[in-house]
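Written out below as structure tokens is the structure these notes cover.
The chains carry the letters A, B, C and D, assigned in the order they are written, with residues numbered from 1 in each.
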């Protein structure tokens, strides 16, 4: 029950999805909206929302706007913002958490990234390292876009010529890292609430 | 038996130390004022300009009554007071004992220039070959190894920086008075024993030390060393640790038995560092790590030597200790330094900027970039550098930077012209003091001034010009790259250097940020009784607050020393001067020949003859070098030998003779104002001896002043040793208690029927202290105190009088009238929460004020558990006309309530709509806590304030909606809220009639107008009237307590004396000439003049008169005069000084 | 001395300009001995008569110098002084005293450099202007 | 609202009409006594005289061209503290202006005073007046006012008038409670009296006279008159400036001054009990004179003459009301009024302070603004 037209009252709902956002909010509550993160971000030019605005929306519980933006997808984890934040907030980590939340919510804007990360990790899970051709195959099939491989063709050929691409076909692999991955998944599902500091 | 000492020790001679010391000294206590540095004035000695006048004004702290006990010149130059012993280069090294009977040890740094001999001629500095960066100018310029620590100090002896001095001895050769005593002459007598089994180590050590002039012996084993120690008086032993046979530690132990006072330094390889550290517990002084670095070793040995030489540890007993050690500034190079300080040459700190625009600074006040001398036309200030920064462990606001940045930006405009562009990058503009908002508004109106609410994350040099480029995100979300000529970092404050050691030594605790901790609800007390914290040492204060807390500390120290009022001490030591009244002036002129720059043979007879054309001159004595002890001795002998009633000293700068004249005056029992010193102008850079015409003119001008000097004793004003305090809130009660504890009778008049004031409804402080409990304690202390007469339900109906003797009529609760005589009055009439009609207040029970919320949370009529949403709006009617000031307490109160709500119900959504959150100092940490607790802070623009809609509903259940815009997200928000809490601010409660009764001015808002907002923050212009608490300006309860103590301290200056006089010069009225036009009364800035009761005479209260002479200048016929500046004196002075250069000196010859 | 050596009487306030003068001295900044300082507590005590006296006595110029506006030790003496100087500046030029011969400046305590500069400039200006004719009068 | 009444002039005798008016004032509750210019029984100089006796007012002669002293100082003596009754005072415009200044100097008070002003026809210098009376006898005042009122406003004023009156451009009585209007009226038939204050209005009401309104002709007449006077005044300024523009000329101008200080005694706004020049500040030691003689080659005695006059400019030019009494008092005929008026015009303009015109305006040297006269600061 919300008494607010546009602002979902922050940190109030018990719904699981909101709980997740609450946790992210908690990480950055001490934010003073100074804009240091945005000024520092090397990818800011490509973002539709500045990081400062993104964090503000997190605090104001504006999930729709958050997940319709690509800002968090574009975080390249350079840690500039974390380094410079006068409040010492774990901003890069919060970005990760947004990515995870987006993945769980199957956010459309995040689909590409999610497919990319997922395919990458799947290959790692199978073999303990990335097999590039397998990774690409998984990625293209996840994206369900037949034209997509063409976009990467030129880059792929260049890399192949330099011997940078493992050409072995996809396989189940030895799955020696599977236990580790499972453990991480279990831990994540526990939804540990971390303190913001 | 009275063993208590009424002497106080004040540690730190910055402005707060000076204020504490002066307050104590003026109340009759002896004070030892020490400072580690070689000059007084602290940080303020480096700042020429302070807002809001953008100039200095420190001199307004000088004594106003009994002015003759102190110096009357620019306080930045120095401070003399009969009751203050100022020791510079002096540190506190130990404290023992208890209040009233502390024993403290002071260590005086050795001086290599004898301050009594140094004349400040500066020739030494000219020949000194060593140049090092100049600390005084924040490293922006260089100085020599022998230098003036402060360019403008009085007296101003040169000092030697031992670390920089290379002992070349050049200064020694040129010093005309032999004032320099390079300690290396004595180094040869300082025996050092080097003990090591390795010959190479011994030899190299010996070589280095001998080069430095020390006498060095060597021993190859512990056994040999012990024998040598028995033979000779070694001052220092350097011993290896790992030696065959007796090792270094054993040697140390046994050596200490032989020579307990021997200083031992252990020499160690890396492997035995721990042993070396252990050895220090056994009594080793320090250790040196092999391989030796001479750059580290030599200074250590020199320091040991200097300390030995000094050995002037002074042990004294004091009754109380005031710590006024101030603060230091954050060094941006010490952190991650993304702002490029020390990397980009055009990035400087605020302090460096102050030096840059200072007349005594490296560029003599021209605003140019220090690195390349190019003009700075576009300057940026970056706020919160090392403040409000969790990354540098600074979860506090430094409180002063916002205003100093604004001031510096204004100065830039003044110095470099109106078209200079200035930008201040800030987060919250903390203009929380009463006059700040107006200053800020005026600054903002200056063309070229820009405020950017954003944080700049880094500074990079422009690839071509090297100028600093700032990258920042504008409020509109656009990323901006902007190039500036100069970037100034508004660095925040840190605890003063060595505060930790001071705390350890005094046994006082530090707070979590490293500042001396004060007791809760006791703003200046440390946890060790008898030791108090003055000024900004307890953290983050501007000048005004520092001065208030300094006075408060002085009051507490005075109380701690006990012993009742200090009047007996001050009144008894009056010097009885010879009575020379009614005698014709008979003057002895003592003329310095200044190393024969005035030739005794050639010029002497001319000078004498010329001076004697004035029949008042009885004798002219020539003495060479009056500035030296020997010279002055001769002068003193000459003066004592004859019975002259005036003495004129012709020498160099009169400031140098302030102390000497006082001593001479006491010695020959001639009042000090009958002895005068004039500058003959003989010294100076020009080395050719001047023609005697000018010195003669100056001597004649001096004669003119002396001849007409007033010989009468200064009139005095009788003082009633009692006080009246009007207002029984926390400030008034505190003021009353402080004076009562000091032994004075106090009448406390309170309008309402009970004491307590706003403590009546306030519950807790932001840090959780119980104010209700405080209220009960204070009220019972006041009511049970034998020295306090409490009159509740009473009011002031009228009164008159001046300092020392006010007569006030009081109406009691049943209408009975009584008249009270009292020496001082303290107004503590307080203030109240403002009422409002804004934001729908009054239209719904859901809309309340913060005061109501405080009460409702306490009596649980509002329970957070039942609140889904709370909105709070800050700055309701505040910080804009007509109430254009910040009420200061609202932001902390709001945050306090947010935290309380969140604590009781974390699910309540709390929104705070604000302009700038004002949580100065350590309160910032609660702001952070509130954000962490999930409170949403939404800034609003004063032009675009939130809107409140109250929709009809049942009574008490109306729907309240708040519309606002979040500028960062750009969202237009509508928040439906259960509760809307308005921070309406504070308005004073100082009735105009009451103010008029005590001759007090009120400002446009109705607050008490202090004599000076920075330097005399609790005084009225009218002496003897003070104020404390909210009627001075909005402040929290604990701050109000400090003002209560401060007002008491200022009052004690007066009522601890039986009689007070003003000082020279002072105004007088010649009634036979006076036409009663009353212009002088109107002109007097101190209200020291009034018509007598018959309205037939203008009378001057000589304790209030400051001798400014405005009254004399408005009086057309000299009915109002100012002694020392009578018309005759001025006319003859002008006469004397208009002599042309070629005027014939010799009457007969008509030529020189 | 072939060059005209003017005599300038400077009424300087105890708190600011006198301090600046002292600072100039200790900072080894030179200013010409033509300027003769008369220390007063405040420019607000400078009676117009003192200025008249100096000029009639033969001073080639009179300078009154005190604290910057807002900085007066005695609250507002400098503002009052400014009005008096304004009055004299209306009167004196009528009788052949060049307006340049009466000057008012604000020189703060730390403005040693400015003090020396003002004194040097002033002496140069008055030197240019030549002697005050009142010098030659036998009537005062 | 101003009240205006008219008085019939019987037998063309203006003086008798005014005497009658004064009697009615003393008879009214508004005044217990009246100070008016009256001819003493045994003298020929008209002097301000205080009376409550209607009969005594037969000696009142307010239109005589006699101005032996500025009565402002006398009114101060009557009002310095509470006189114990109400006083009416007949004053010339320049006397009222001087009084306004003196009130600001706490020398007098408006509290129990009713000022009767009038259109001022001017006056002669004292010695000229005495000659005039000697020649014309009892009829002299009538002769004077008839001529004065018959003259055209733009005609050159009579040579007999004192110089200060010839160039007086404020001949109407500002700040009086009531004003007796003559100019521009047919004074052979009637004159008018109008009020300028509540107190004045109450008086006129109490007198119960026929109301009237001032004719337009008066306004035109006054305009023309002041234009002419202003023109003469400008000429006077120019002449005086030329005569004093230089220290040598100034010396010549004041050459005959013998330091008698009569000018300052006569000056209404010089309110000091003793002039500073007669205090001990000027008791020079004998050695000083020798020093001066040495420095200046010779020193004229008495000393301090120019100093005295320049000091007076500094002290009172901002309060100078141009009454001309200084010239009247000078034994050696130094044209002092011209000198003081010329300088006062400049100083009063500089501070926008026309002396005596606004009782509420503070004297310029008693106040200041923080942001003013910045052009006089600095040496550039």
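In the analysis below, a contact is a pair of C-beta atoms (placed from the backbone, for glycine too) under 8 Å apart; a residue touches a chain by one contact, two chains touch by 3 or more.
Only a predicted model underlies this, so the values are computations on that prediction, with no experimental measurement involved.
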{"item": "Longest centre-to-centre distance from subunit D, chain (CA-based)", "value": "A"}
{"item": "Which of B-D and A-B has more C-beta contact pairs", "value": "A-B"}
{"item": "Centre-to-centre distance between subunit D and subunit A (centres being mean Cα positions), rounded to whole Å", "value": "95"}
{"item": "Whole-Å separation of chain centres (CA-atom averages), subunit B against subunit D", "value": "58"}
{"item": "Centroid distance [mean C-alpha coordinates] between subunit C and subunit A, Å", "value": "75"}
{"item": "Residues of subunit C touching at least two other chains", "value": "49, 53, 58, 69-70, 76, 80, 84"}
{"item": "Set of subunit A residues in contact with two or more other chains", "value": "none"}
{"item": "Per-residue multi-chain contacts in subunit D, two or more chains", "value": "276, 295, 315, 365"}
{"item": "Complex interface listing, subunit C residues touching subunit D", "value": "48-49, 52-53, 56, 58, 63, 69-70, 76, 79-80, 82-92, 94-97, 103-106, 118, 121-122, 125, 133-134, 136-140"}
{"item": "For the subunit B and subunit A complex, residues of the former touching the latter", "value": "336, 338, 384, 388-391, 427, 454-458, 471-473, 477, 479, 868-869, 906-907, 909, 928, 931-934, 936, 966, 968-977"}
{"item": "Interfacial residue positions of subunit A with respect to subunit B in the complex", "value": "3-7, 9-12, 25-26, 29-36, 38-40, 44-45, 50, 52-53, 56-57, 59-60, 62, 65, 83-88, 196-197"}
{"item": "Touch list for subunit C against partner subunit B, complex", "value": "1, 5, 7, 9, 14-16, 18-20, 22-23, 25-28, 30, 33, 36, 38, 40-42, 44-47, 49-50, 53-54, 57-59, 67-71, 73-77, 80, 84, 108-114, 135"}
{"item": "Footprint of subunit C on subunit B - complex, ascending", "value": "48, 52-57, 59-60, 72-74, 76-77, 120, 122, 148, 151-152, 154, 156, 358-360, 364-365, 653, 655, 681, 684-686, 690, 694, 697-698, 701, 1021, 1065, 1083, 1085, 1106-1110, 1112-1114, 1122, 1125, 1127, 1130-1131, 1133-1135, 1137-1142"}
